[in-house]
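In what comes next, chain A is part of two complexes: it sits with chain B in the first one and with chain C in the second one.
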Partner chain A sequence: MEIVVAVKPVPEAETRLRPDASHASLDPEGVKFVLAGYDESAVEQALLLKESTVGSRVRVLSFGPAPRTEEVLRAAVALGCDSATWVEHPSDLLPDAVLSARCIATAIAGPFSGLVLCGRQSGDEEGGIFAGALGALLKVPSLGYATNLRWKEPRGQLTLQRSIEGGLEEVESSLPLVVGLQQAWNDPRTAKLPNILKSRKAAIEKIPWEATVATLGPHAIPGTVRRTFRLPPPRTGAKMIRYDSPQDAAAQLVRLLREEAKVFP
Partner chain B sequence: MPDFGLSEEQRSLQELARKFARTEMAPRAAECDRLGRFPEEVMRKAWELGLMNLNIPTEYGGSGLGLVDQCVIVEELAHACAGMTTSVIANCLALEPILLGGTPEQKQSVLTPFCSSYHLASFCLTEPGGGSDAGALQTRATRDGDHYVLDGEKCFITNGPHASLYTVFATTDPELRHKSICAFYLPRDTEGVTVGREEEKMGHRASSTSTVRFEKARIPVANRLGAEGDGFSIAMRTLDQTRTPIGALATGIAQAALDHASAYALKRHTFGKPISEHQAIQIKLANMAQDVHASRLLTWNAAWEIDHGRKGTLESSIAKCFASDAAMRVADEAIQVFGGYGYMKEYPVEKLLRDAKLAQIYEGSNEIQRIVIARELLRRYA
Partner chain C sequence: MVVVAELRDGRLVEPVREAIGVARSIGGAGATVIGVYVGPPASEGVGEFSRAGLDRVVAVEGEPFARTTSSARARTVAELLRELAPRVVLLAGTSEGRDLAGRLAVEWEAGVATNVTAVEPLAPGPIQLTRPIFGGRATQGLELPGERAVLALRPHTFPPAAASADAAPVERRAPTLPQVPVGAPTMTGFTASATGRGPDLAEASIVVSGGRGVKTPENFAIVEALAESLGAAVGASRAVTDAGWRPSSLQVGQTGKSVSPQLYIAIGISGAIQHLVGMVSSRVIVAINSDAQAPIFKVADYGIAGDLFQLVPALTAEVRRVRGR
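This part shows the complex of A and B:
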């Protein structure tokens, strides 16, 4: 099976974020970029499928600027992906999810008969659009909110689970298919030291922006424009409850929720 | 001049170590410290990820890292728990004599199977009668045909109770002191080897330490490293390699103390403002930051010297001695910044002081380091 994982470099959860001088974007200075939890679970799923299906290969793809994109691709190679492709864009371009899907679709290229995995949403913008857009562009079905993919060899079918409102459904599909993965269900592995060292030397295929522009033509311009990027206002008003017993704490909390927060009558 | 920045490769090793330290070590550190528990599960995981046999070349299944790389990793691990770190890096100490003194066949036959699955080794030099004066060791090796018979006792042996292999230093004739010391390796299950009970320690309580006794333990002559009488030099050259990472371990403790103290100073209020706004506290933090920074640079510099083929005796002694003294100062001040809470076991800083203390004692006490530093220094003026 041919497995492609699309990942996006996002700021590590612990980094302090600041807008840059344009106030339209994040200041990347001092920010560490990593795979988000959704993407980590997509990579883990790809590796699990590879390990259980003879003759599979995992190719990791990412659309983004230097140097962060190369770093997350190397991290994915250290985890066990077989090859990596970096679809480069200039650092001042602010792509939207549809443009990202277009560029990744271009890099996948040709008649595609395999499986594309990605996070069900990006770890920073959380749009949840990418998997659907990529499916549409590749003209293959696309599913989100997925967990537990399994490949059923004799019939060439893939099964997966989706958590939907109020329940869990099991879906079966043939390939090709695009799947957006849920996070925090498969305990993504940690790369081993020798594999990290090897990944530093791994060849990374790079598709220059000019080549992507030549293929996409006018579609290489984002359809949406981000005007401003602001941090949320600092949180205020946390209130500590002082209590004598758990019953007392609960009683006080209920009173506060009723009378002050007014969340129920 | 060296480039003071880390390479991308070193950064990714640092990240691996940091992640392991945060997710596997830190959550268990307080509990292991309280109970004196050796966290076997952490050791196994460290081995799986390649964080254990850092100095063993990849051809034998180790990680094959240089000393700068090792220091970067050790600092991160020690930030979470120095005791666990001492146990994780004890294999580097115990196996270094084999790298230095072993024949290609000995290395192949011992290191390869040893590294291919989880195993611990211990370095057995110190004796109840003395550690600093290694030339005076009393454990006897008596030749008997194609064997040596080993008699004596080693003490303060890191990972002693958990190791499956010991590297041991013994003398064929105590009168001849240094000249008669031999280095051997032997499996723990050799008849006549007994391991004493675990010591109750002030700090490094997640690390396991015990005596190891040899009573008529027979070792094939083929298990001797180098020639008869090479043992002392092998032991000293081993410590030349492993001293620098102890500087990194101390740096990790000091960095942890500085991190805790800075975060606490911003939160704790007295006289209507955070204590970080009192100049007395700022001066403490500034001094602590200088100690941490100097420790790290001295350590990297010593490691860099050795990675570039120089002996680095002066630099590694300075690094180990300075960083461990600095870690004591910094941990002490961190407790002071925490006030009464700093003295409580519920908070993480008193452990740092107890852990830092060991770094002044083992792998050559700081008194011995100063003797070495002065000797190296005066040689340049004589």
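This part shows the complex of A and C:
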């Protein structure tokens, strides 16, 4: 099986967010970009499928600027991906999920008959747009919120579950397919030191931005413009309820929620 | 403007009413709001949709749609959009709606934004909107410059449209495209989640979550009883799901679900950053924790320092009392 994983470098969870000088976007200065969240699930799922299906390979792709994109691709190689493609974008461009999907679709190239895995939403802007957009571009079905993918060899069928409103949906599909992964494992594997060292020297295919522009033509521009990046006023700490008894605490809280916060039905 | 319907168990889901409300408010008095339904035959649900405040409804019903996922319906929706030629399509920000958004953006060649929490009234020029990013730790102002836009709204953010007394006219069409394209994913089953009785975690307007402080899987029933009294969804910290006390589908946080309800109640949860990123954008946060120094109190609006085993049952009783049941 041909397995493709698309990953996006995102700021690590503990990052202190700051707007840049234009106040339109995150200031990337000093931010550590990593493979994170649902993308980690996508990589883990790809590797599990590879291990259980003889003759499959995992190719990881990412569209992004230097140096973070190459770093994240090397991290994915260290985890066990077989090959990596970096679709380069100029660092002053702020692409969106649809442009990302167009660029990755270009790099996948040709009629696609395998499986694409990505996160169900990215760890920064959380659009959840990429999987559907890529599916439409590749002209293959797509779905998000997936967990627990299994490949049933004799019939050539993929089974998976979707964690959606109200429950778990069972889905069966043939390939090709694009899947957005919901978190499925709390502990995706970590790379072993020798593999990390090896990944530093791994060959990474690079597609220059000019080549992508040549293929995409007028579509090589983002469809959205970021205008503002605002931080909410800092939370000032909880109003602590002083009480005589648990019943008193409960009565006070309910009254505050009703009368002050106005959230209580 | 077009609003795409979503039914669950044959009933219109609430976020669709919110989308109709947004269409009305951004379109102004003269705007026409057309409802589009593509799915399995559902006369009751479509009837409900037609009374939800729309001017007109176009319904494409076909039995095979029952087993497909949104990507199969996207082609039919896009075909209708090419004909109806709206400026904006509004989707409920459910999993179905969000899955549809990216697909429609390409098939209908439109700008797209999801998780939208505010939209400026339509005017000539780009559409201006606001959306939370980084799990609600920041807010993004976004502009969609194109002629067409697909917007998926964050549930529970906008007031629902008032239902209309008269039903809008419904035009029924036969499907023209294959409803189940060759090789398309098909649904083979559905298991209601353990909390299937209550609202879904990602959509609920109140979430009650328990953490390691609850100490045993049996004790977790204390958290669930409070949730039930409030009509809330149940969540959990990773300490709880890792220990297997409750399924991982309940996990809130960086590697679980992001929630932003009107009210989030954290019980016996310390407030690790990986938990906070999944819930800090909730409108009002309440924390109950025996450690008055627990970091959760820094992000909470109201805190009670004390023993959850005494406080939570008292709170459940108080909620039942004031709600009269």
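Rule of thumb we're sticking to: the second predicted complex is superposed on the first by the 246 of 265 C-alpha atoms of A that agree within 3 Å, B and C clash if a C-alpha of one lies under 4 Å from a C-alpha of the other, contacts with A are read in each partner's own complex, and residues count from 1 in each chain.
The rule we apply is simple: a contact is a pair of C-beta atoms (placed from the backbone, for glycine too) under 8 Å apart; a residue touches a chain by one contact, two chains touch by 3 or more.
Every value quoted in this text rests on a predicted model; they were computed, and no experiment measured them.
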{"item": "Combined model on chain A where chain B meets chain C, clash or fit", "value": "fit"}
{"item": "Partner chain(s) touched by A:78 [first = chain B, second = chain C, both, neither]", "value": "first"}
{"item": "Which of chain B and chain C A:214 touches, first, second, both or neither", "value": "neither"}
{"item": "Chain C versus chain B, contacts on chain A by residue", "value": "C"}
{"item": "Partner chain(s) touched by A:197 [first = chain B, second = chain C, both, neither]", "value": "first"}
{"item": "Touched partner set for A:137, first chain B, second chain C, both or neither", "value": "second"}
{"item": "Touching partner for A:66 - first (chain B), second (chain C), both, neither", "value": "neither"}
{"item": "Where the C-alpha centre of chain A sits as vertex, the angle toward chain B and chain C in the overlay (nearest 10 degrees)", "value": "120"}
{"item": "Three-chain overlay, closest Cα atoms of chain B and chain C, distance in Å", "value": "11"}
{"item": "Footprint overlap on chain A, where chain B in one structure and chain C in the other make contact", "value": "none"}
{"item": "In the complex, chain C residues that touch chain A", "value": "8, 13, 69-72, 74, 94-96, 98-107, 111-115, 126, 128, 132-146, 181, 183-193, 196, 200, 202-203, 206, 230-231, 238, 241-242, 248-249, 251, 254-256, 258, 262-263, 273-274, 277, 280-281, 283-287, 292, 297-306, 310-311, 313-315, 317-319, 322-323"}
{"item": "Touching residues (chain side chain A, partner chain B) in the complex", "value": "71, 74-75, 78, 190-194, 196-197, 199-200"}
{"item": "Footprint of chain C on chain A - complex, ascending", "value": "11, 13-14, 17, 24, 26, 36-37, 97-98, 101, 124-137, 141-145, 159, 162-177, 180, 183-184, 186, 223-232, 235, 237-241, 243, 245-247, 249-251, 253-254, 256-258, 261, 263-265"}
{"item": "Chain B to chain A touching residues, read off their complex", "value": "8-9, 12-13, 16, 19-20, 48-51, 58, 63"}
